[in-house]
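What follows is a pair of complexes built around subunit A, which joins subunit B in one and subunit C in the other.
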Partner chain A sequence: MLLEVKNLHCMVDGKPILKGLDFKVGRGEVHAIMGPNGSGKSTFASVLAGNPKYEVTEGEVLYDGVNLLDMSIEDRARAGLFLGFQYPVEIPGVSMANFMRMAVNARREYLGEEPLSAADFLRLMRDKGAVVELDTKLTNRAVNEGFSGGEKKKNEIFQMAMLDPTLAILDETDSGLDIDALRIVANGVTKLKRPDNATIVITHYQRLLDYIVPDFVHVLYQGRIIHTGGKELALVLEEEGYDRIINEYNK
Partner chain B sequence: MSEADKILDEVTGQEYKYGFVTDIDTDTIPKGLNEDIIRLISAKKNEPEWMTDLRLKAYRHWLTMTMPKWAHLDIPEIDYQDIIYYAAPRTKPKYESMDEVDPELVATFDKLGIPLEEQMALAGVAVDAVMDSVSVKTTYKDTLAELGIIFCSMSEAIAEYPDLVRKYLGSVVPYADNFFSALNMAVFSDGSFCYIPKGVRCPMELSTYFRINAAGTGQFERTLIVADEGAYVSYLEGCTAPQRDENQLHAAVVEIVVLKDAEVKYSTVQNWYPGDKEGKGGVYNFVTKRGLCRGENSRLSWTQVETGSAITWKYPSTILAGDNSVGEFYSVALTNNYQQADTGTKMIHLGRNTRSRIVSKGISAGRSQNSYRGLVKVGRKAAGARNYSQCDSLLIGDKCGAHTFPYIESENPGAIIEHEATTSKISEDQLLYCNQRCISTEDAVGLIVNGYAKEVLNKLPMEFAIEAQKLLSISLEGSVG
Partner chain C sequence: MQRPLEEILSELYLSNIDMIGEGVPSWVNAMRSGALENFNLLSLPSSGNEDYQHTDIRRMFAGEWETYFVPSGEIRAEDRVVPANGYVVDVVNGFCLSDELTTLDNGIVYGSLRAAMSTIGDVVSKYYNKIADNERAAVTALNTVFAQDGAFVYVPNGVKAELPFTLTFVGRSDEQAQMCFSRALIVVEDGAEADVVIAHVGGGDRGLLADHVREVYTGTDATLKITEVKSTGGEVFSVNGNYLRQECGSRVDMVNLWLGGGVTRVNAVTDLAGADCESNLHGLYFANGTERVDVNMTVNHLVPDCRSSELVKGVVSGEAVGAFTGKVYVAPDAQRTEAFQQSRNIQLSETAKVYTEPQLEIYADDVKCSHGATVGQMDEEAVYYMRQRGLSEADAKRLQLFGFVNDVISKCSGDAACECLAGLAQARIDEM
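For the complex of A and B:
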């Protein structure tokens, strides 16, 4: 197992959000997490990434056999955990090239690899930019500064391509995207799929799953996974909503 | 203390990295200040009588003055009789090659990461290294001499070019200008003199590394730069100082004269010892810097990166006297721990169609206080004058302070004066984003700060910009550019 989450509880501002979440991801798999607003989807992503706003009160998370909750945010990232943010922040004056070079070399250092030379790095930027049809001009601009919503999301997938993560978590990457951007983002994710890595896609909508075909679809509700199915579950949810599953669970 | 506070505390609680004392014999005179001391300084420097007289006049005027109190600074009482006013390295005054230079001195520069040889060879920088008041090394002089450019120590200039010095010394900053300019004229030990003749473009960056070394020695530098008609020069000044416990007073004066169609760029990276984490020790940096754009179409640009000193008190200013003259001021002032800074600029528009631009970026961390104070003044005859000012403040943590005191005085109704100001904090979301991209918090702070200061750093010559980026990072510890 690449990721094993057992009985995870967490609080934010004293309020419990996750209440005994169990979840497993194996290498080569794509998981989709769906669920109504406020069910804890983004919280789950944040807890995995290590956002200090969320306090884990109970449970265990093993990442590649190691206790993930003991690791710093940056070490989780360096160990191959990537979070595509729902709302990527702007960092004025810091060029994407500078930012990514520091990121990529920090990951390489952690893995015991030599830092990339300027030439190799620029080549990598160009190659990975092509994955999400990212305008090369964007990589010369400051991190997310003045980017449109679509550009920001493409930029997240571009960074994912640059960092080559083992486990990528995409938090509502499809929100605010028009159909073309959605296709580009989804194709990017699909291109990055390999037998030795895995992806967790958090989404509200079935439409993203037309492009990124999941192996498993989970329904998160009130801080727990209450139902798991195959890719066809997404279609069912799209048609009838969450009510039937929630009602069954409440029984 | 929350986790984020703890991290910020660690990142900003860094001690000064360049704290060491170079063990070079220094030739000092007794503590204290009186007319005999001034005569002694003048005599030690073999100065002509006119210079001795000028010093004495300045001293007598200084006695009638009191230290100004208007700055947003908390300055401990300074005992001017407890300062040694002159210290010179007790080595031979001149060197023909690097081999003759005191190896200790070379080692000091090495520790600072500014090997002279390398700079000479690679960067083509002529360095007039001022170490405790007397110039110990002047390079590239021959190359410059061919173009008629004079770049030497102030002492040498007084001896060799008395007419030029008498014409311009004190012409922009007269000794009676303020308390510290009077003190400086009375006791200045050395400094740099630079003259670019008519129509000459100085082919290299001129650079002086200042360094305070002898314990308890006040440092009083005097710099004079004259760009004759149509001339151009880019001048760099950079400083670091060794760690020590007692406060050190530094009251330098920089004067710049820019004649018709001439241009001067003056860049500073200042990193004097800021005191320890508790605010003990550190340099007092009370400097008067002023340029006069005397001729038509003249230009003067100040760029400064201020990270050091316990107290920084300075306003590099420009008097725009010539029609169509242009003044610029780009500044990054970073304060950490218990540092205080009250810095900014004055743009005095006297000529027609004069333009000025002010970009000030303050960064406050720890328990420091950082003030921008600026004056834009437009005289009656300055028709068509324009100014644009932008003052930004960045706060790191919640125990520091940022203040802005902009003054505008316009006597010409046609003048256009714009002022913009922002205050921001490094957000936890930005740090989280960087952390999630493998970047440590320390590096992230440096990255964000350098991004914020980029507009100013971009104005520095390349090698200096890199050094400045490093400084910002070291000053907040570990950050990167």
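For the complex of A and C:
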């Protein structure tokens, strides 16, 4: 197992959000997490990434066999955990190139590799920018500053491509994308797929899953996974909404 | 009872009057007595004075200072915080190292101010002490009383300086706590162009009080880029009077970096005296530990159709104090003025203090003026975001701070100076 989450509980500002979440991801798998607004999807992603706002009160998370919750935010990232933010942050004055060079080299150092030369780094930027058809003008600008909503999301996938993660968690990367951008982003994610890495996509819409075909679809509700199915579950949910599954769970 | 400071300083002048006036033409020395009178009338501001509430000027001058009225000291390798590029003038404790003037074929003159006063008095007298405000600023009047030398830059009508000017002011006190006065006069005449880098460096263990006045004049349609950095070590008190007068259609891009060292008080006054001027004034300060930086900037729109833009950024940490007071004055007939002012600050510790106060005085009705001031902390969301990409917390904070100051740094004139100042700023960030 690449990721094993057992009975995870967490609080934010004294309010319990995750209430006994169980979840497993194997290498090579694609998981989709769906669920109503406010059910705890972003919270779950944040806890995995190590956001200090969220306090884990119970449970266990193993990442590649080690206790993820003991690791610093940056060590989780260096060990290959990537979070595509629902709301990417603008960092005025910090160039994408500078930021990415530090990020890529931090990961390489963690893996015991030499830092990239300037030429190799620029080549990597160009190649990966092409994967998501990200305008090179954007990579010359400050991180997310003045990017449109869709450009920010593309930029998340670009960074994912640069960092070549083992476990990528994409939080509503499809929202705010036009049809072409959605296809580009989804194809980008698909191109990055390998037998030894895994992807968790958090989404509200089945259409993303037409491109990134999931092996499992989970429903998160009130801080727990209440139902798991195959890729066809997304179609069912799109048709009938969450009511039936929630009612069954409440029984 | 202790004698008033004004009396002590007046006596210091009167008892050294011969030495101070030596080698300087009489028209300059004649200005000293008038300035002394002004100084005594004004008296050094107390901290009760609203304009000086963040810097105790009286306490600075009340120290046990030694003043030498003859040249001393030398320039050392470590004083080259910016590379000595182009046309170089070095001033140590108020005196130009070589008592010489260089005159280029195209008419450019640079070197010792004292030498210029003697040899091209007709040029210097048109500008010297004509821009500085001896009427309102006691520390400037005091400088006029005592200043014996400094740096002089003269770019005559229509000449474009091919190389940058690098002026280095070293203040050093190896044996005794020292008070020194220095002066810079920069004249860029009609249609001329120049690029000037000024560094205030040095320090020393014994303490230093440096009273510096910089007069800058840009003639009609002149263009001037000026970058000034203070980067001193140890306990240095700096009092700077920076005066700029711009004539019609001239353009000035100025960057001031106060990278630290002791206490810094700046009075910067810009007079936009001819129509259609553009003045872009950028500033950046770092204050850490018990350092204080107190910047007082005034832009006077005296005539119609000028544009000014001020952006001053500050990063404070430890128990430091940063203060910015920005005054924009728009005269009654200065129509179609555009004046923008921004003060942005990051406060890294709760014990550090930031005071920021914009003051607009507008007497014309057809103007576009705006001002803004922010004091914020580090953006924790951004730090989290960067850490999620693998940067250490320290690197994420450094990168964010560098991002914050970068828009000021990137406006420094000259690639070499800009690069080296970016390095200095980075080093400063690493200490914060």
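Assorted remarks:
Going forward, the second predicted complex is superposed on the first by the 251 of 251 C-alpha atoms of A that agree within 3 Å, B and C clash if a C-alpha of one lies under 4 Å from a C-alpha of the other, contacts with A are read in each partner's own complex, and residues count from 1 in each chain.
As a convention for this text, a contact is a pair of C-beta atoms (placed from the backbone, for glycine too) under 8 Å apart; a residue touches a chain by one contact, two chains touch by 3 or more.
Note that this is a predicted model, so its numbers are computed, not measured.
When the two structures are aligned on the shared chain, A:102 is found in touch with subunit B and with subunit C.
Residue overlap on subunit A between its contacts with subunit B in one complex and with subunit C in the other: 49-52, 72-74, 77-78, 82-83, 85, 88-89, 91-94, 98-100, 102-104, 106-107, 110, 142, 159, 163.
Against subunit C, in their complex, subunit A makes its touches with residues 49-52, 72-74, 76-78, 82-83, 85, 88-94, 98-100, 102-104, 106-107, 110, 142, 159, 163.
Considering their complex, residues 379, 381-382, 384-393, 395, 399-400, 402-407 of subunit C touch subunit A. For subunit B in complex with subunit A, the touching residues are 3-4, 427-430, 432-441, 443, 447-448, 450-455, 480-481. Those residues of subunit A that touch subunit B in the shared complex are 49-53, 72-74, 77-78, 82-83, 85, 88-89, 91-94, 98-100, 102-104, 106-107, 110, 142, 159, 163.
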